[in-house]
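Input: a single structure, listed below in structure tokens.
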């Protein structure tokens, strides 16, 4: 199905850019999870447009309204449904786009898939706006896994265009990185100088009527050993499934990722030892997952986000009504780079994936938060 | 679940390296698919060990024995179940490994996940041998989508270690590449010189008691436009889910993949035009998928395969029975590089993914092959 | 999951009796289904309370508000989400019920299941009000299968208490029965005299502060042969799964049902013959399904609905806060008999089940309505 | 899918009556379940043909051969796959049946469903023989839930034709009934005289070349309160789904079932009280389930099994090859009554359903048996 993910918990999202509302349903939750809405709004705001000079000037409220599954401050265990009303939608911006297929977008493939019945306004169901429900649900998951297991998820901008942040040794994640409080930054990097360069580059692309992409790196620490299974329920399988649900993602890699192919086995293997009673790896080239199962090391993965396809620069495309070629220059307020706003979405996917496996292991009765 | 994938068709695999048999069940098939077993055996043999100087000298029969769902030369539409008997298993090779966790393998994470009850012999359920059922099922899918839609899937070794094959312009796949008949080669590349270099490198690693990894590139042509959906049923989501089921995969990317992040939007977007009645892209940076849906261009994706973790070189690891550190040198017959044998597995995943979406679009009644 | 059903289409419902809204998501739909909202409102009104002297005097608007998946008069193929706002809720009616477990309700089992976090007001998620989304989705399904295949679904009250409507020969469903237009009646029966007796009996029970139950019989004609599969995807399996989702259902039987056990095989078997090119059964003891698959005869099944558990007559029960026994007399406006309002819910389940199997056979591309 | 059931555990069955083997896969199991094969064989033998004068004289070995997922006496937590080889198959018995559709069987509906490609020998995938894997898997589940929670499942023949066993007061299940050790009897009833009458009746039908059906009643005691959820995951929904997978089932009812419709609410509601700290119902009209969730009372349900459709008495039917009507008298060794052999199958469904919900509540890590 297009809108359901998960094995123990089930998440479902719905909506179009210009429909009455977008929203989601989070099902299979334990009863009795306390939800901190201020925490949720921090993540919602990180994703929302109009919050910085790096994103579109469109402003969307993105205030989730809970419909069900929540009572007296706790989840009830029944489906947690919520909506985010759509407003500030300028449908007229999209009128001319009805028949002009925007390159790099799902306009043409979607038109064929839905036989012309899809809502074309603002990208319809394809809109990146649909990631707002993901962030909401991911934030609930984050709170649960933090309260219950002390699991902490953070992400940073690994690169924008050719500008690459410093390497972290993921065998040695430590407080100094956590203290950087990446979540509060506009373009969170380890090397703050890189952040400035990235900002400058994005603003330059914006000025050009062009756009850029980048790579996000996400890390999850304190994840229990033993989550996942070999084959179709590998930790990587379910997480990559979710990550490729984010519009504009073109790649994912775990640990050393593609670069691990350049190492020999003796370099790539993460050797092990006891550190007291705890098992540690000397390195973390596998990004915390071996055999499809978490191994106690930090989960590390990177996600490639392509340049925003909506650009002002004229492009060759097709008019599907008139069956002819045309030149298109996309108007409207668009993000020159979607990477910063995608950070909480990537974190949400990681949190939901961990949540789902925790429920598998512990059940919904034992899984209660305090 | 650990063993089931798919939305319309359902595939399931089972078995351990040293259990009585491994096997699979392919469910939700249309009735009336004609199966060519010679074709299946071509793919099975590509995956099987002991077929070249680049793989382990272990020989496994890998002869699938059909148990059900097949009658008088055609699928019946009921579950197609099959087994591959295990033989030539030297369990004694693994006796000392019971408590010694092999670095880079799922031994430790699996031991925790299955609380010590897992079958440790030969990697148990984690064994790469479990990809044999995948190849069988993928070969059935390949035959179906080829007969029905003329879809053709091929793969090549994009790189081994640092040795990289030439770039193909995927806007211009043509007969000359298809005629290279990549499927018959030991190390299929576009540039045959690179193949020789790769072979030499692998043999060197073997001699060192070490191993290497590489990147596989898979291409699917003639895939209909309109397969997939945005979000949780994106073509990339379900395919990456399946690909990460293959042991040793650490990354996947579509089209330009991670490199697309270095382009500007105006460079990355695939501009479109009419070529008669057909819609063509000038480039194929998106690898044939936009908005999670196939767009008519060739599907192109790359998969990172890590170096085989089983190596003779001594490594530091832990003995979980005695709770102490030890040095391990893995004996037995292991592949210095799993990449060539993984080619038909990657193709199988691509074929199964396309098959599943075709059934969604056309149903199992209309989906009949001739 | 508690809120998702279906293999090809997926339906999901959410909400509590006194939450902001209830609603549902219908996913996996073909694009391009035209929806007639007047038709939907006919079914919604049949289910809604306060429409006759036989139901509660509570009035609920039950106006579905579509959030997504619908554009310019047609389904878009993306998730069709909708809500029905809750209003006219007298929460105070339920205050004393927080700790008093109503006999026959899910109060106690639900309290344990959700560890005390469930929303107890008006039955919370257990409320029969949650069947309103089912009716909405079923009405969409009904329209589709009618337009596409001429499938017609109708139901009648087979019995109320001991009062039993006449038997229909389901080998001979004909226009005279269809012309009775059962859908417009308060208590649809074949024998109208029985309907009057049933009404009198229900009103008597209401006067007593008591309630009654009954049996609904549902018939589907023109269902194509070949829907369903043996075992876990039998037509009866998926339909009974859905039917038991309706609160107060305690039994389901197909064709002759429990009475078929009293026949000999030679009496029970439906003999067959050709009627021109069409295959007909002489009888329809199997209710249109053999081997889990529709056989071309009308689908006939009956559903047992227990007496409404909310009654004014004092009952012995427990106070879970004080851990003591108490006497409870339920106040508020309750249905003396839920059977008439359940008719469109049962029809909805039948329609959704047929819809799901049609999509399996024909796919979502071929499945387009005109 | 036709062959997969379950939310936490997944069960899958495959095979045809005359294929190489039938079998099943039980996935999502906790690791470390100890399996007693003698116990399994007791249930397998109860289901197997040829064990008494009441069943077919066909003898089938029904010896399950485990392929994977089991090591050193315990489940490993990976897919537990097993096969039962087919033998003693007289395919020639079925040759004339290829085109003659047996009334009451799935021959005709299956022929349409599978477009003529189905294996017609011995009923193919429709064969009751496919319930043998269900019994195997159910027996594993039974052992687990008994060891872990003391849950005990038993069933009896409630009726054969018009001969009805005595009523049990399910508010008062006690040792005297359990001590009757129903599992060891050919036709287990409470009133042993009824058993003799039933046997005589079945033998009379056999002599006539005819058959009979009956009703099975299944009871589960010590089931924890709180299993199930309202709506699509109600305990009744998932159990009825599974029960209707058993060939020849035409109805299911819980507690008082259809008869509850004849009671008033004040009679039907199960009043409650504290019995020390334990909550008890004065009656058990709801069969241990309210609001879709177990309430701590014994689970009680009845299943209607139709008369065996294979009878020697001549019947009118169709020849689908020649498109003409014919008379058919079915030869071969058939059961005059399938009810006794269906008892362990019904129990298996109950056990699997409880198992699945226990895993939901407790997870697979906490769910370990001793």
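Every chain is named by a letter (A, B, C and D) in the order it is written, and numbering of its residues begins at 1.
Operating definition for what follows: a residue touches a chain if its C-beta (ideal position, glycine included) is under 8 Å from a C-beta of that chain, and two chains touch if they have at least 3 such contacts.
These figures come from a predicted structure and were not determined experimentally.
Peer 1: Which chain's centre, taken as the mean of its Cα atoms, is farthest from the centre of subunit B?
Peer 2: Here the answer is chain C, farthest from subunit B.
Peer 1: Hey, which pair has more contacts between C-betas, B-C or A-C?
Peer 2: Taking the two pairs in turn, the one with more contacts turns out to be A-C.
Peer 1: Could you tell me the distance, in whole angstrom, between the mean C-alpha positions of subunit A and subunit B?
Peer 2: The answer is 26 Å.
Peer 1: For subunit A versus subunit C, what separation do you get between their C-alpha means, in angstrom?
Peer 2: About 39 Å separates the centre of subunit A from that of subunit C.
Peer 1: Taking each chain's centre as the mean of its CA atoms, how far is subunit B from subunit C in angstrom?
Peer 2: Distance between chain centres, rounded to whole Å: 45 Å.
Peer 1: Two-or-more-chain contact residues of subunit D, please, as numbers and ranges.
Peer 2: Counting only residues that touch two or more other chains, subunit D contributes 1-4, 13, 78, 113, 125, 226, 229-230, 365.
Peer 1: In the complex of these two chains, what residues of subunit C are touching subunit B?
Peer 2: It comes out as residues 8, 78, 226, 229-230, 359-367.
Peer 1: Residues of subunit B touching subunit D in their complex?
Peer 2: Its residues touching subunit D are 1-4, 10, 12-16, 19-23, 25, 27-28, 31-32, 65-69, 71-72, 74-81, 83, 113-119, 124-125, 365, 368.
Peer 1: Once bound in the complex, which stretches of subunit A touch subunit B?
Peer 2: For this pair, the touching residues of subunit A are 1-5, 7, 11, 13, 101, 103-110, 112-113, 125-126, 130, 159-162, 205, 208, 210-215, 225-234, 236-238, 240-245, 247, 249-258, 260-274, 277, 279, 281-282, 286-287, 289-296, 302, 304-311, 313, 315-318, 323-325.
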